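Given below, in the form of structure tokens, are the structures.
In the two complexes that follow, chain A is the common piece, with chain B as its partner first and chain C second.
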Partner chain A sequence: MSFPEQNSAENLEIKESALVTAGWSAEARKDAFERTMKSGLPTARDEYWKYTNPKSLTSKIVEKAPLSKDKEGGMFTGANPIKIVFVDGKFAPEKSDDLDVSGLSVERLSIINKLNLHWAKDLYGRYEKLSQVSVPRPLAAYNTAYADEGVVINVSERIERPINIIYEHADEYSDVILRHIIKIDDNAELTLLENGPAAARLNQVMEVKLSDGAKFNHIRVLGRDHERRTATHIFGELGKEAKFKSFTLTVNGVLTRNECFLNINGDDAAAHISGACIGDGDFHHDDTVFITHDAVGSESRQVFKKVLRNGATGVFQGKILVKPNAQKTDGYQISQSLLLDEDSQFLAKPELEIYADDVACSHGSTSGAIDEEALFYLTSRGISKQIAIDMLTMAFLAEAVEEIENIKLKQVILDLLTNWLDRHSS
Partner chain B sequence: MLKINNLHVSLDDEDKQILKGVDLNVDAGKVHAIMGPNGSGKSTLSYVLSGKDGYNVTNGTVELNGYDILELEPEERASLGLFLAFQYPIEIPGVGNMTFLRTAINAQRKSRGEDEISATDFLRLVREKAATLKIDTDMLKRPVNVGFSGGEKKRNEILQMAMLEPKVCILDETDSGLDVDAMKLVANGVNALRDEGRGFLVITHYQRLLDHIKPDIVHIMADGKIVKTGGPELAIEVENNGYSDLLDEAS
Partner chain C sequence: MGAGETLQVKEGVDQETIDAVREVSTYKYGWDTDIEMEYAPKGVNEDIVKLISEKNSEPEWMTSWRLGALERWKKMTEPKWAMVEYPEIDFQDQYYYARPKSMVEKPKSLEEVDPKLLATYEKLGIPLKEQMILAGVEDNADTPSNDRKVAVDAVFDSVSVGTTFQSELKKAGVIFCSISEAIKEYPDLVQKYLGSVVPVSDNFYATLNSAVFSDGSFVYIPPGVRCPMELSTYFRINAENTGQFERTLIIADKGSYVSYLEGCTAPKRDTAQLHAAVVEIVVEEDAEVKYSTVQNWFPGDEHGNGGIYNFVTKRADCRGDRSKVMWTQVETGSAVTWKYPSCILRGNESQGEFYSIAIANNHQQADTGTKMLHLGKNTKSRIVSKGISAGVAQNTYRGQVNMHPRAKNSRNYTQCDSLLIGDKCGAHTVPYIEVKNNSSRVEHEATTSKVDDDQLFYCRQRGMDEEEAVALVVNGFCKDVLQALPMEFAMEAQQLVAISLEGSVG
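Coming up: the complex of A and B.
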């Protein structure tokens, strides 16, 4: 099998002439452009992409992603969020809420980009660049170079109302780049909810800086419009006693690659990354996580659960790196798959790299089928096989969903899962 | 009500015959006890009756209220009124006891064309039945059998039986591992369900349970067959003399 060369005519062009040359971000963009040129776009030959073929993420031609009949709605309305809506990556002011909330500044990249000076300059591309040291992440560098829209948020207090970014998809061939910058100041707190198919192809990067004592709760739902292709990166830095929590639910999607790269630089900080997914048929979902502990007494958790059926593929690449100074690190990583048939597969590469001596780190990765004994027990009580399998499926996913602290938001996720299973009896 | 005729069963995996021609009729209103040495096939019989995978019926028939059940799925048999109290109840992390019970009741009702039980009726019923079995509400909130002691698991089986109101109840060594008080609770639970329309098949090693659940008929099973059938006195004979005399006499 041969794949197109990274600079072949079949791939996205990386053109210097397309760069924005004015404003505070110009330098970072030029820099990122050079990084992208140097590493080239990812190919299936790259070690980091050995389980996920990036071809459709880098090809010049975007494959069609038909729209689902039901529209992406406000699944989080119960949480009374501040809504920000993008349609195929374009901001939709008429669908979005008033963003004038005290303690919170929300701006759009397309608008502030024209300025000569902005606080975002310190963050834009910073963590993305840092992440390239361990392994090239060209899609993220490409995003830094060319992103022209996204939200730029500064949180200076504890914000009660969540922000909900809703990504609608209206054009079957849309190819979208989005870039979000989030800065949470000392002891401030933000809950960010994201949902929606966004585009036929989406390249999204979010850079998050948590200052000392800051809290970030992130819940994301990727669903609908099955043919869509998505590559996301979350980059973050945690200050002292900061808390980072991110949960992603994925149902549907022919190709999803979610990368998360976090640096824990503050003592006693905690980062929890989790995800639940159900893949059915032509579905490929990849979670790639890299957490660096670079401070004393910090904690990280990675909890990923994947249900795979009818030939679906799940991928997990997860790494915990503990630097020599990061004593008393508590690191936990679990990735599990429930394979509902023999055509489905789970590919996992869990890694620990530890340079400090006083640490407690554990990781585990398992792949298994439905527990036949449990299935018999349930059916022997009159529960149909399908419902029994669904109950065991939900039970399997529970550990990941339990990572969501807020009970109402957890219920939203549980309902989405239950409804999905009801609609997709195999 | 339950008619087992010349039942021969081997394992799917190995070529091993386990049941070698079991004949047994359980009539409505009657309690049958099955006793027999370890490995004689009692649990196998209970699994084959309730439809567990992995067994191969090579000969014979089983009818439940006129239905040939051997081709039916476990859930279909349950909806026809068959219930097995497991010798080793399974723990199911992540599935709540209450959700499990309610889903089971409603599934059975639905398959019989009946309305679902309302949430309040369900709660009232489960609280009432749990109280008589001394199962506290905390246990009900936990995942199915997770963190339950051996005795709690067995009582939970009887709770399920009481909630589902089956027609034929098979109890596989429900008494083993129970202290005297727990055994009385279980026996009371069973006795409360005894009525004209319901048959029981009680598998046990000990006369002890049968002191509390008085059987109408006692069968001795050995090497995959019923080798002797009699009245309650047969259980007492086993208690006093063990199986060997009986088995010698039967062979």
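Coming up: the complex of A and C.
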């Protein structure tokens, strides 16, 4: 990887003097700073950024992102969630709910940062650092070094009410770094919902530790602001029989890069990562997933669906790594795109790297237009062409949405998609 | 299973199988020919390049083309992205030119070729006598003599020792000779096409090859001609510490057809040897080329010593409309394989196919696959790749499918399956899929699994030993690709599959 651009005038500054030097996180931050210096910020020449140009994510100047008229804050209200609201990366207590719930501890990074000791010390930067072994992820290391806000959650039992982090965007030039840490103890369970546009530019990292038997349901809807730029990372570790489920819906956004890096360290654990996206016009969406199986009998599933039109670009880079001891692994990966016109493109690199023999791993990737025969079938039954296209588009995306277990939440996502199609159908 | 002697005959196992299994215990082609050789000094520099050019009595333009390539190569760095590991190659510690002394004065016909050389090819099962017919039917007097003839160009270290059936091919207008001869005899054709598919600057190994290639085959099929027989080149590395750099150029003019076979072997040596070949294929309108390879270079011993480092650039340019190319490869040899036969589908309705079996056993490493570049409208491509890993080997499929915005209504289907035998080997899949228009359909499927226990059990129950059973299951796994091979090769390949997996079970 080429290096020397990290301190060029156009790029984000990586200054040692800007690091927090006191408190439990200081050591991890210093370490991450050195990692960032060593690898340099990503450039379009890096193999790992082959299909997505990271320039606007690493530039010093944040491009303007006009605010959307839509207010997306309350989309999950029906699920009666515990709300935590950030406006341009700043915590908004007046909009947030009371966080005093039994079995749940929610703190903010900006507050606990000053302490000398905190349980988060064991997790902060740990999985991000681990992820750097396969390929440098400098944006995540940069986040570890400089993040000063985010939620730090410890779940010790099964929590019925979901937590909903809402990201509002008020400043057209906001440049935000957020860092969340989530620790779910043995047999505990948490549902985390995220939605909203967050900022003109967002660099977000979430580190999740699932202990034995823990369960994590994650659903996020990346905000609708058209000009926003987002780079997110989810890092996680799964203990024995733990279950990790994450679904991401992306509609709009000029640049989105969602990375997910999971280590399955416990036997019989399962990780399901899925995503649906619809892109129209100046839209670039990149899902990059790396799942490592390092235990016996574990399962992973990646389901990604993209609908693209008017020159939108969809990218999928997925990898399943099966270590030599990870026998009886069941790995599945599918990435599909539906290209609604001639100008859109889909770029995929689905990889398998397998060192154990008693495994069943497969991946599939397809790309193509609307099935003419299906379209003919529907229109011959009196359905207008546009409605028929919408129906087929919904059917295509539904396979990814089906990955959501909770029926109510699934319906929220399906309604969102239907609305989007209604608005964008011409 | 150990030596062949311990084999017990079971009911239902015919003698042929027993012989085949007995024969395959070791690398069959590991012997060397004791023949006086002439070497150029070790290393690569301008003098060596000039020397190679001079030895081949090449015209001025060829020498400067080579020197240009050398200049470029000096500025290039070795590619490191493949999933293969090997000790640093000292490119100056290799011989770039070696030829049998008896070839100094090039023999005018096959009768004049050193009998030792002819014997070498005979031992390899490659008949260089024109009356012979391949595939073990040569004794059968009833076989019409024009049936299943194969013209062979035999390349021994750095030089071509002879090409069979030249006069018969000439009658059809087909030119089939060594490339060194073609440079002298058909300079216009060579100058027009050489480097037009794989440019001098293409990649590190191709550029090196452009500078130092010593021989190889040249094929030209004139418009409308269906080549009357299969053409074949047989490469043999014999000398120690010698790199083989051959260059093959195949031109199928409008509406022609040719099927081309390539085979390769090398003696057992403790030190690794370098092989960096370039194959260029030009396919004009309505023409079709079938290119089949059975690559059986010495893979190194079971501890990973020696073997061939096989860095090969193969590319076909389907220039004309409705042109077609089909790559079929059986990769069983070499310590390290780095090879991506590609198709540039430039003509409208052109087609590219790639069928591959890559077997890596013991310490072998293979990183192989294909590139399908769709540029023309209504182009089609199909990729079927079967990777088998055993021992502590690593086997990677690396491929690219690219649908250019212009390539409307194109189609690709890719299937790559990996089979793991044993728990110390690895199988990897690295496809790149780039779709830039919506009327094209691209499908990619890949699976990885181990040899199915139920299938093994079924075979064992019927009296096969474990190794035979695995060979049968693996042959079934490879069936799609084996069927795409010409008959002579299919038989050899099937046996090779069994040989390559020797010692991988139990």
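The rule is simple: the second predicted complex is superposed on the first by the 419 of 426 C-alpha atoms of A that agree within 3 Å, B and C clash if a C-alpha of one lies under 4 Å from a C-alpha of the other, contacts with A are read in each partner's own complex, and residues count from 1 in each chain.
In the analysis below, a residue touches a chain if its C-beta (ideal position, glycine included) is under 8 Å from a C-beta of that chain, and two chains touch if they have at least 3 such contacts.
All of these numbers come straight from a predicted model, not from anything done at the bench.
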{"item": "Fit or clash - chain C, chain B, common chain A", "value": "fit"}
{"item": "Partner chain(s) touched by A:324 [first = chain B, second = chain C, both, neither]", "value": "second"}
{"item": "Of chain B and chain C, the chain that contacts the larger number of chain A residues", "value": "C"}
{"item": "Chain B versus chain C as contact partner of A:47, first or second or both or neither", "value": "second"}
{"item": "Touching partner for A:382 - first (chain B), second (chain C), both, neither", "value": "first"}
{"item": "First, second, both or neither for A:349, with chain B first and chain C second", "value": "second"}
{"item": "Partner chain(s) touched by A:369 [first = chain B, second = chain C, both, neither]", "value": "second"}
{"item": "Which of chain B and chain C A:339 touches, first, second, both or neither", "value": "second"}
{"item": "Which superposed partner A:357 touches (first chain B, second chain C, both, neither)", "value": "second"}
{"item": "Chain B versus chain C - smallest C-alpha distance in the overlay, whole Å", "value": "12"}
{"item": "Chain B and chain C contact sites that coincide on chain A, given as residue numbers", "value": "none"}
{"item": "Touching residues on chain A, where the partner in the complex is chain B", "value": "372-374, 376-385, 387-388, 391-392, 394-396, 398-399"}
{"item": "Chain B residues within the chain A interface of the complex", "value": "50-53, 73-75, 77-79, 83-84, 86, 89-90, 92-95, 99-100, 103-105, 107-108, 111, 143-144, 160, 164"}
{"item": "Chain A-facing residues of chain C, complex", "value": "81, 405, 408, 418, 420-450"}
{"item": "Contact set on chain A toward chain C in their complex", "value": "47, 51, 324, 327, 337, 339-369"}
